[in-house]
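Next, two complexes with chain A in common: one pairs it with chain B, the other with chain C.
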Partner chain A sequence: MMKMKKNWNLIIGLSITGVILTAAVAAQFWTPYSVTEMDASSVNLAPSLVHLMGTDNFGRDVFSRTLNGIGITFLTASLAVAIGAFAGILLGAVTGYYGGLFDELVMGVVNMILAFPSILLALIFISFLGVGTGNLIAALGILYIPPFVRIVRSEMIRCRDLDFVRSARVMGVGTGRIIYSHILPNALISILSTLTVTFNNAVLSEAGMSYLGLGVQPPVPSLGRMLSEAQPYLGINPWYGIFPGLLILLLILGIALVNEGLQREKA
Partner chain B sequence: MGVLLEVEHLSVGFAEDGRGKNAVEDLSFVVNQGEILGLVGESGSGKSMTALTVMGIQPENARISGRIVFRGREISCLSENERNQIRGNGMGMVFQEPMTSLNPVVKAGTQVAEALKIHTDLPAKEIRARTLEALECVGLSDAETVYDQYPHELSGGMRQRVMLAMAIVHMPSLLIADEPTTALDVLVQAQILGLIRRLHKERQLSVLFISHDLNVIRQICDRVLVMHEGRILEEGSTKKIFEAPEHAYTKKLVGTAVERSGDFRTEKTVLTVRNLNVYYKERRLLPGRQKKHQVLSDISFSVREGEIFGIVGESGCGKSTLARAVTGLHRDLTGTVSVEGENRPQIVFQDPFGSLNPARKIGWIMEEPLRVRKIRDRQEREHMVREMLEDIGLDESFAARYPDELSGGQRQRISIGLALSMNPKLLIADEPVSALDVTIQAQILELLLKINRERKAAILFITHDLGLVRRICHQAAVLYEGRILETGEGRALCDHPRTEYTKQLLAAARP
Partner chain C sequence: MNYIIRKIITLILTLLLISAMTFGAFSVIPGDASVSRLGTEATQEQIDALRAEMGLDRPVTERYISWVRGAVHGDFGESLRYSGTTVRELLSDRLTATVLLAVIALAMMFVFSVPLALLSVHFKNHWQDTLISQLVQLAMAVPSFFLGILLTYFFGIALKLFQPGKFVAPSEDFLGAVRYLVFPAMAIALPKGAMVTRFIRNAVLGEMKKDYVRTARSKGSSRDRILYRHVLRNALIPVITFAAMIAVQILAGSIVVEQVFSVPGVGRLLVSSISSRDYPVVQAIVIYITAIVVIMNFAIDLIYQLADPRVKGDQG
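Up next, the complex of A and B:
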């Protein structure tokens, strides 16, 4: 037998994401310093053994805030992707399997959404919905529906006239079950990789929107929020901005590697 | 008779093939001047690889050893340029797939003329004249029109004729035909074979004819090589191979004529079709009047319990549509289709690669009909799947495998088992063996006959092969352009055809 080659992409990706997530979850319960408490005596300090990543302009511990902030960023991104995936898979399945006028309409809207830069659309949604974490999640969620619609729809169209679906119909399997149990498993790998790609976009968008002050509101830390707050102090205290940025980078790298690894598994 | 092509100890292998098994193993044969040599074998036997290697167009990563001598000259060691000269002047090749072997964006005439442009210094006028001559020679009477047509404007048979014209335009002495008729309908197939035979006679063309279809080989070849797993098992005159085969494999190959034994019919009728008309709507993007296209007209027949009823016709005659109408997959119809028993008739499709869900394991797939039948106990379902797997000649280990780990024959068994799990009174088999190798075909037919024998299941057997109808069907109907031309007892229908069309079908199928 041939020896299976180790899937390093998947291993390293899962390790990076795993470590970051464990730390983020732990930081929801305990951090070395309080996340919001200010300390006027230790403002804009460089990293040291006391403050591992230094302190910010209010004297808050950047290490504690960064770890805690990953949690918010991660939660926002996950919920947004979950909304997109749920609605997208549902819409894609129905439009793809049945086709017809409803399909044309949905695809029209989907293509319109895809034609705009996503950050611009998010801005438009936020201006209607108002500023706040919940609204940011809703806005991003809507934006992430199209990729899932497309992938599931095309798989439905490919499979609906194949003999295995016909044979299920002749057996008397219900339409819902044909869509969910017969066709959808064929799209699983594509859905998984779309999940990871969209999740990365969501992390970046959360950071971007919070940076613009439209997402997570102070004093709650999120990675994007912290970048935005660090900007005026980059000259005197670069550490404040470097560490949140570095963590965004690591999180995205980890998930991108997981995606790459999944693609290899598929092949 | 001189020797035209001599192949000595030819082996072809692939570097990355871990098992180190060669596709072609120590192959030696000769093609004499002016003979048609048949190379017969099942898929994977190495026959196409042999043809490609003789032509010098084997895959890049193939490792070759042995000698290929053409017109007394060793050619396997020649440079690409010198090989090109020989390909241009001495050998021509026709492939199986007429849809993909022509360039879709170049006119047919230009493609035929290509060889002359490269290998001769003839003036353009002369090239055009010779091209037209070649097109006429392959039976395209309106050569001027075909010259300026693109491949998509031509039918499958015409494309294959254009391919032949390409192969013979520079007057080669050897034609290599790799399954040239496999993708074609029976009647067109007969025409192309007749054409190759005529070219062979008129131009003293030698032919290396490759096919898995024994019937075709028998019709056209002087001498036959039987290939199996990269080796030649047996060699001899066509007469000898078919009438007195020596090797056990050849016997199996030649003697694959499965025949029905016994009659298990009862008086009960399981399917009645009366005055059936079936339509297809043309898809339109904009709303408006939709055109309806009639596919089947006024079809009437009935099938009794335990009966094997044949539906014969060429592709496009509506036989698959009939299967869909009877199973209820297609609903746009008038007339009546009445089925006895509580369960709908089940269907086995032609293509074993599309009929099983690639994302699910065999166990899950085979449990599905049981779930539909509301058998809720999982252990009971698993037990029933194990029994069914035994019944269809497989074993319980298959339950844990995915469809892509199975061969075509095994998949077709699973499809049959799936259909049987619904306990239908009627099984519809839509060309169930045409995508399979000859020896596998026999096994699947045996399985269908066993089901007919043991379960008294009626089978609606859809096929293009009249020989098969003669051997296994009690009753049969000939379908042509959506109408039933004649109905009759299976054997009588073939022995005493009443219509001209059935006679043509028979003539094409007869050795």
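Up next, the complex of A and C:
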């Protein structure tokens, strides 16, 4: 009876993400070398047992900086997604459950935002707000509200007139409780899936914006910025340009596999 | 016809709304254009004089109206950073580079994603399909700027197929420009093409589950005939929509990739203008991209109606 096919996507995805997250958290407390200290005697070294990923143009240990930097990426992306999810679920629940003029207005804005590529909107927001990590989180957070609104709203519309909701209403259950404990759990997998997709977008946007110099500011290590710093030295030290990028790739792949696994779980 | 007129009015309203919003937002930002041009050490009199000269002492609404009046004639004012240069002059060259890049990327994307998707469909659930799916999964996870760096290293530095950073303007050497742009285009096209491949595969497979396919099959049509005669035609509509969405993303993707390959395009101008607070330029680019996005969506609606007569204009 309990013979379920193993969900390899979910297992591999969670393992990759778990390992990266653990390493990133650990790197906030301890790294083999200092993250910011420069060493003029060991500039642009290739990977070796002393420096696992080599050193950068200032002689800093790339391994330490990469692990520490992925922590910043995790934090930025998680906060942005948290803002989007919180506001989006709330807005989606209200607009979907009640409908009406407010619903139409919100959906108009939501569809307009969804029509634009997010990196472009992030750029525009940053040009208003100014450069900085906090501003980037705020900008991305706002951009990630619409997908959650859409997914929760459609679930509300689907369920609000179904029998189980009606009977709950007849029994005198309050609206907040109906939304929260009767309808919302139905949308759980869709919400989780949206979480993974937006998280990946956030990682990409953070790395992209930092690459452009409009995200995380030095001396805080950031994977995107490391790539842009590595670029002039590609000829002498290609490793510096490869490891930070590989780590971003792995993180995104891990989360995408989790999403894939969730989709199969749903089916 | 009524529908088209209504869409055009919506388009104009959207553009007005977006431009008013960006204009308003830029005018409340502390430290306006005059300060950024004169620097922080300028005296109040100097600032006032320049503000009057640039018309910044007038109220926002008045400035906005005169801006719109100019914009309608293609006049977006002057750049703050390069004084004496109009925004239009700045944009025109870069526009060619960006559009060329986007077109090459789009073409490249279709050239490999359509055959791959059909191959995947043909070998459904065999190892070929699995292999393609895994590759697609991997390609979708590559950030385009990282791919750009890898391409720069392999094709530019190791194989010396192009000289990174030595882009020649299309007006001087068109073929040379195209040859250079192949590599940034690849960086954009690969991840997006992977998404399109997967989308086409799933759209076609979904379509093949439908009743009419079984009917055609039971009447003796071969699998391939059904695929090319019926299924592909029906799967076309969602694919077109998706492709148009991707086209917009390709344009946005060029913002970062232009930076990686030092292509002097619109994206690069946007980034440097944001850093140096050159607001007239930022404003113009925002408006230009908004227009493209809105017009693209409008085009998707129209194609939808042409491809499927059941879609009524009223719903749009």
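Just so it is clear, the second predicted complex is superposed on the first by the 266 of 267 C-alpha atoms of A that agree within 3 Å, B and C clash if a C-alpha of one lies under 4 Å from a C-alpha of the other, contacts with A are read in each partner's own complex, and residues count from 1 in each chain.
As a working rule, a contact is a pair of C-beta atoms (placed from the backbone, for glycine too) under 8 Å apart; a residue touches a chain by one contact, two chains touch by 3 or more.
This is a predicted model, so every value here is computed, not measured.
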Contacts of A:115 with chain B and chain C, given as first, second, both or neither: second
Contacts of A:146 with chain B and chain C, given as first, second, both or neither: neither
Partner chain in contact with A:127 - chain B first, chain C second, else both or neither: second
Comparison of chain B and chain C by chain A residues contacted: C
Touching partner for A:235 - first (chain B), second (chain C), both, neither: second
First (chain B), second (chain C), both or neither touched by A:162: first
Which superposed partner A:170 touches (first chain B, second chain C, both, neither): first
Partner chain(s) touched by A:188 [first = chain B, second = chain C, both, neither]: first
Touching residues on chain A, where the partner in the complex is chain C: 112, 115-117, 119-120, 123-124, 126-128, 131, 204, 207-208, 211-214, 224, 227-228, 230-231, 234-235, 238, 241-242, 245, 248-250, 252-253, 256-257, 260
Residue ranges of chain A touching chain B (in the complex, touch as defined): 2, 162-164, 166-173, 182, 185-186, 188
Chain B - residues contacting chain A, complex: 18, 327-329, 344-347, 349, 351, 354-360, 368-369, 372, 415, 418-419, 422
Chain C - residues contacting chain A, complex: 14, 22, 25-26, 29, 137-138, 140-143, 145-146, 149-150, 152-153, 157, 248-249, 251-253, 255-256, 259-260, 270-271, 274-275, 282, 286, 289-290, 293-294, 297
